[in-house]
Amino acid sequence: MTTANENAVAKYKNNFLKEVEATVEEGHWVKMCMQCGVCAGSCPFGPHWEHSPQKIFMMIRAGKREEVLKSDSMWMCTSCYNCMVRCPRELPITHIMHGLANYAYRLGLSPKGQPNQAIAKLFWDSALKYGRVNELKFSLAMYFRDGFVQGVKNALAMQSVGLGLVKAGRLNPMEIISGHTCKDTSGIHKMIAKAREIEDRRRGLA
Amino acid sequence: MTASIATNQTILVVGGGIAGMTAALEAAECGKQVILAEKTPTLGGRTSLLYRYFPKMCHPTCGLEINLRRLRGNPNVRVMTMTEVAAVTGSRGNYAVTLKVKPRYVTENCTACGDCGNAVSAEIPNPANYGMDKIKAAYLPHGMAYPQRFVIDPSIAATPEGEKAKAACKVDAVDLGMQEETLELTVGSVVWATGWRPYDANKIQPYGYDRYANVITSLEFERLADPRGPTGGKLLRPSDGKEAKNIAFIQCAGSRDENHLRHCSRICCMATLKQTQYVREALGDAGKSTIYYIDIRAIDRFEDFYQNVQKDATVSFIKSKVARIALNEENNSPILHGVDTEGYHRYASEHDLVVLAVGMEPEVTGVKLPDDIILDSSNFIEGSKTEGMFGAGSASSPLDVNRSVQSATAAAMRAVQVIHKTASTEAA
Amino acid sequence: MADNKFAAYICSGCGLGDKFNIAGLEKVAKTEGKMTVIKTHPFLCNAEGVQMIKDDIANDGVTHLCIAACSRRAKTEAFVFPTAAVSRANLREGVLWIVAEGSDHDEVRQEMAEDYVRMGCAEIKKMKVPEGNVKESSSKRILVVGGGMSGMTAAMAAADAGYEVVLVEKTGALGGFAKNLFKRVPFAAPYAEAQPTGVAELAAQVSSHPKIKVHLNSTLAETAGAPGRFTAKVAQESGSVTEELCGAIVQTTGFTTYDIAKLPELGGGQANVVDQAGLEALAIAANGGAIKRADGKEVKSVAFVQCAGQRDESGTHLAYCSGHCCATSIKQAMYFKDANPDIDAVVIYDDLRVPGMGEDFYRSAQQKGVIFTKGKASKVTGGDSCKVEFKDLILDETATVDADLVVLATGQVPNAGVNLDEWTTINTAADGGNEEAKQQRTALESTSVLNLAYRQGPDMPQFKYGFADSHFICFPYETRRTGIYAAGPMRRPMDMLQATEDATGAALKAIQAVENVGLGRSPFPRVGDLSFPTARLEGCTQCKRCTVECPFGAIDEDERRFPLFNEERCRRCGTCMGACPVRVISFENYSCDTVGSQVKAVNVPDEEDEKPRILILACENDAYPALDMAGMQRLTYSAFVRVIPVRCLGSVNTIWITDALGAGYDGVMMMGCQKGDNYQCHFVKGSEMAYYRLSKIGDTLKGMGLEPERMLTYEIAITDGARVAKIIDDYVAQLIEMGPSPMKGFG
Amino acid sequence: MTKKQYAFYPGCSSQKGASAANYITSFGVICDKLDIQLNEIPDWNCCAASIGYAEGGELPRIVMGARNLALSEQHLPGQDIVSGCPACWLANREATERLQHSSSLMAEANEALKEVSLNLRSDFNTKSRHFTEVLIEDIGYAAMKEAVIKPLAGVKIAGYVGCQANRPYGIAGESFENPQYLDKMIETCGAEAVPYDQKVTCCGGALAFSEPEKAQALIQDIVGSAYDHGADMIVTPCPLCQANVEIYQSEINKKKGTKFNMPVVYYTQLMNVAYGGSIKEAGLDGQLIRAEKLEKIAGK
């Protein structure tokens, strides 16, 4: 069977802009960029990423599909919304970045082991599992994502902080066992599964 | 009172800037009767606050002198300063107009000898320098002011200062009892040459015009460069009066921006290219100009000017909309943050002074457009439902001086047509 | 002449009375000025003072008056006496306000004032009230040359204002370039969609307008005469010629697209590479449906290359930007997107130039999915599958776009007729008898649009790049051929909206011209001036300088080679007067005498007095106002100078200078407007002519045994108030350094 | 007088024993003093926050919000939804606006909501608001000031607004680059708001975990600038900002040799103390870096 990526390639015949418009959250805005670059200069993580939003938009128009989807640039978004409020063309840049990241991830093209991708996934899983995010499990999972040994290291590194929080009553060790949860977790799971199913159908990822 | 100074074959021109003066003169020199209403104490408008024009680098007052001579010699034009249009009703060929004339407190007797100015001590922010310096509260707006008559600022009219001015006047030209007058008159056509105003730079928050002394507007920079300006033509920083050598120009400050002005203001690119030559004039090779732009819109033969500025080693171009301005708290120098989009280069550049090339929007203070007027999405005048009123100059679109004059001449033509039709239908 | 009565009115207001010995001034006016009436008034410009003068004119028969008060630029509206000749002695801005305070300056201050009274009286003696030359018979018809969008608009504008119009169009139909457009860019909000051109409707209106007479398939075989009396020989294709009498001309002969064949590197001449005009043809053929190429293949992808052969710094192609092309490409890209959104349309631009509301049009195209790429195209290959190679300036790499069709946005080349500089050279050679030149001249003149029967050539002088534009920012309609106005893309690259706006304005200027000429009044910039030049031909040496130097081609030569003045073409600048070596040219109120007598009237001190005397001849448009500004700012300058305003430095006759220096003046300062490419002279060539002439005066000075520094010329801008004061003081210091003129005492 | 009623959405970090527990604690006294009643939305779920994008995608994320909105509508009809956490506020408000603007999205969301037998009316228009909005718009600065009984005289505070409390929505009438409302609130409490240049700098947000170096560089700028401008403490309206800026100071000290020990408290803790609340009521015992100056006043 063909992968979602192969399907997309076949369907959009290298018209990456059309693909983005059809499959990426707020993707239809990409064509409206006038390359002023205000977004590039507004990002707090700007110095750390390879392609700025405005450049990514240009790359999309230029059909650089692989380069864009495999890049880790959009994973660097801190969701500070600076770019979005300054954009003279009112592009929802933050959402487009998230949308691109999500699409790349769903096609399996996003860079493996990208730390922000990992945390984004962990957060979502945590939120979904109990309907609410469980900070301790979330953070432990975070530390241990690179394997046990590294996890211990990470945990020890932040031990003081952890204990501090416990002492301050802001991190509850008992969460390992019990912890916060919604009553209707099963309903939430069904609801999200449905939402995912609808969206995948719409985006041709089914 | 109803003034007998006009008939339905008179053309009312609102606004005494270059467009209004042109519209009035061009129509009058075709033999038509014209009333030219200006809300300030003098004709000349914004152009008289510019140091030089692009692309010739000549002086606005040069053309103003010729136009004033045309005006002085032409009995067909009646100039009314300190006059605002309060209301217009009626239709093509027959408009009823209400004019409000503010008191000048100085009569036609004035010989501009200056005694009143010497007598008073009260000062007001100088309107001719955007309030960057002060002048006496009894003043001649500027050297080319027309009518060549002093003005007494309302703030002192009813004070002992006002009395000082009156006492000092040997020709009995000061009348502190003047009141606002209302005039009702009939005209056949109205030309709205109400001009433009700079977009409020305070609204462009990332650039901190409201927070940083050394971030100024392009209009303020015109005054800095002008020998008649507050610094005598020296490019001095507002924060510390030191000479600014390394100057940044930020294009599209408000223009081409859904958060501010949706339109392109057309003149700003050329104005900035011109202003880089002010820097060269003042500092020679010691000056440095950096232009941050999206597109350089140097249209038609202005391209020459652009190409020449590009050859100027003291001027550099960066294709980038500046993201934000921070402040170096040691020396009050603005630091520009952004990315050069040509090849993606990040910068954090410190400059002595930042000039915001602010956009043009239609002037609204003292301007009350009738509902009859048709406006575009940026509130520039497209025309009127009754087809007897027309926009001229930068009230009709963001235009440079040359195009404003063309526009004003065309508006005069349209007004003349209205008057012709009115006359011929009445004759018939 | 017999019953001329001369009067001097001296104002003692504005502090003049306090600082001057008025009695002394009155004495000068009487004994030296020979005025019969002499009155002093404490406030001459007020109603009472003015009434006093009016009464003297009405009841006392005063015909000539010298007003010794403020600058001629002040209180102009008060001192209006239409029936009398008036001179102004500038005691306020010119003396009171610029001579240093303090009693130790009282003497020179008084001397300066007395000289200005002398000069005012001397001038008025030589002045006449211009009678003017009303011509009821003059024609008020407007001739419009060119039947495109601009021409039709100008014709309608004038006709709707009640003026008869004759429109001459060389092709068989009205509409010009615009009739070959599928649609036009929007003129009004919301600026989102291309609009119908409306050309057919306008053409119909023009053809059916009762006041418009249209000549199709016609050109101008000759245009003779002057404003108010142009006779245009309209030559039909058939060969028949009709004569049309017209008062003014609007030339709207449009543009030609830059030849795509000159752009082989961009695929010019190759299959499926078209210019914007070519694309319009395809669009009209498709009429809203799928656009097909010449080979019938439906276009699925199109690339637009902006600035093709424009903004070129190499000198090979057009150096300028044609302004409209960005919006035009946006419009044309929409043709494709509107027909089928799936068509790929990319615009490769360097700077996207859509000023004003064009920004909305740009957005609209993006909304429709047109792709805009900032880049510089280096190579285009045509053929079945076209390729555009370009440098992507954002992604900083060389890239290629494949397209079924490539559209080159080429520029506008003006149709402004013969280049007069070229013509003049050839013409001089031809007149010199050079046969080859004669053939060249015939060939060149066959390309003329107006075929003016003017001494100075068959068409309007051109500005940069062959456009017949105005050089003046404040006065865009000022051409150098009085009563002939240019409009539309033949005077500046422009889009349709600007062209129609431009043509509307040009129509008004034409109307103005016919109205002014009918009243015998000068056109811009000396609007309303009734004086005009006359020549005593008996003294003329036929040197032709006046006919050559007139910046406006106002002077022809009659069969006897004498100058033939066309008053209606004249701008009253006096350049001819300055040019005339035998001084036979003069205006009623401005002549070699009116100025010369002022020069002579000045009281030139002897060597012993150690008071140098300097004559300043100042252009009344900029230098004189600058001197006034110095006064208004209460700046001081030397009281040893005597200023005479002149209409233009071009009107300065060298006799004034030689007379002055001969009479013992220590120096002469000439103050005119900036010359050269960015000239600011309101009469275009006036200041330049002056510089040219004065550069030759050196020998004369040597002959008189004078240093060349005794006569210097300066470029003065109207804002130079402070500068001019300094220049004067520096020059006076320099002269004192040099010592008194050796001519003193010989005068 | 009757209390103003609001549907309350606490959010994950503000639950008991979670990182922002002390934030909620500090609400108590304020609500009593200002007659505000916050009614917790029954069985609310995580807002999915912006970081939920990778796995979540658009619709699932919005549906998470939609469920909260629907629950609020069902159990607390007519009450604005109020949250103390900007991320939650943003997510709920964004979900609301997106659903209002797209009928197709609304239809899809409702199809998913069927699974939990909930539904949103097509004309659903309940406002999602941040607690500061309630204080500023419904109570007003004047009333906030009136309630002060222990003015925080002499306390110098750097108001740190951060990102999501400010962009893309922010408080009506405030600028994204230089918002004034937090400084005003500080001053209503009698404290001094010090001007400094990092008021709206990003703290790294959710990436503080995964990109420690990059985030801590930003946090160092924020805390450093607060020190440079003479602040005794930092005040913020955002739990994530509070956690990041407070927790990582020790890390930064270790790595960069700084001596940071700058308390980071919530605006509600300020108000609480100014309104007479105790250290415990104000949740000041929940600080990693104790805000001694406040504790002193609260102790009196």
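By letter and in written order, the chains are A, B, C and D; residue numbering begins at 1 in each of them.
By definition in this document, contacts are C-beta pairs under 8 Å (C-beta built on N, C-alpha and C of every residue); 3 or more make two chains touch, one makes a residue touch a chain.
The structure displayed is predicted, hence computed values, not measured ones.
Engineer: Quick check on the contact graph: shortest path length from chain B to chain C, in steps?
Structural biologist: 1
Engineer: Any chance you could check whether A-D or A-B wins on number of contacting C-beta pairs?
Structural biologist: Pair with more contacting C-beta pairs, A-D versus A-B: A-D.
Engineer: So, comparing each chain's Cα centre against the centre of all protein Cα atoms, which one is closest?
Structural biologist: Closest to the centre of all protein C-alpha atoms: chain B.
Engineer: How big is the gap, in whole Å, between where the Cα atoms of chain A centre and where those of chain D centre?
Structural biologist: Between these chains, centre-to-centre, one finds 22 Å.
Engineer: Taking each chain's centre as the mean position of its Cα atoms, how many Å separate chain A from chain B?
Structural biologist: 51
Engineer: Just the number, please: Cα centre separation of chain B and chain D in whole Å.
Structural biologist: Computed value for the inter-centroid distance: 46 Å.
Engineer: If you average the Cα atoms of chain C and of chain D to get two centres, how far apart are those centres in Å?
Structural biologist: About 67 Å, centre to centre.
Engineer: For chain D, which residues are shared contacts with two or more other chains?
Structural biologist: In chain D, residues 176 touch at least two other chains, as defined above.
Engineer: If I count partner chains per residue in chain B, which residues reach a count of at least 2?
Structural biologist: 206, 256, 319, 324, 341, 344 - these are the residues of chain B that touch more than one other chain.
Engineer: Can you list the chain C residues in contact with two or more other chains?
Structural biologist: 352, 374, 394
Engineer: Under the stated touch criterion, can you name all the chain pairs that qualify?
Structural biologist: Contacting pairs: A-B, A-C, A-D, B-C, B-D.
Engineer: Can you name the residues of chain B that touch chain A in the complex?
Structural biologist: Those in contact with chain A are residues 206, 252, 256-260, 294, 319-324, 337-341, 344, 346.
Engineer: Touching chain B in the complex: which residues of chain C?
Structural biologist: Those in contact with chain B are residues 13-15, 43, 45-46, 70, 74-77, 157, 160-162, 188-191, 311, 313, 319-323, 351-360, 374, 393-394, 396, 464-465, 467, 469, 471-477, 492-494, 498, 501-502, 504-505, 507-509, 511-512, 515-516, 524-525, 527-528, 621-622, 625, 629, 632-633, 674, 678, 680, 682, 717-719, 721-722.
Engineer: In the complex of these two chains, what residues of chain A are touching chain D?
Structural biologist: Going through chain A, the ones touching chain D are 25, 44-45, 48, 76, 78-82, 84-86, 94, 98-99, 101-102, 105-106, 115-121, 123-125, 127, 131-135, 139, 142, 158, 160-161, 164-165, 168-172, 174-175, 180, 182-184, 187-188, 190-196, 198-199, 202.
Engineer: Would you pull the chain B residues touching chain C in the complex into a rising list?
Structural biologist: These residues of chain B touch chain C: 18, 26-27, 29-31, 53, 56-67, 69-70, 72-74, 109, 111-113, 140, 143, 148, 170-171, 227-228, 256, 262-266, 295-304, 307, 319, 341-344, 376-378, 380, 382, 397-399, 401-403, 405-407, 409-410, 412-414, 416-417, 420-421, 424.
Engineer: Taking the touch rule as given, give the residues of chain B at its contact with chain D in the complex, in rising order.
Structural biologist: 205-206, 208, 210-211, 324, 326-327, 329
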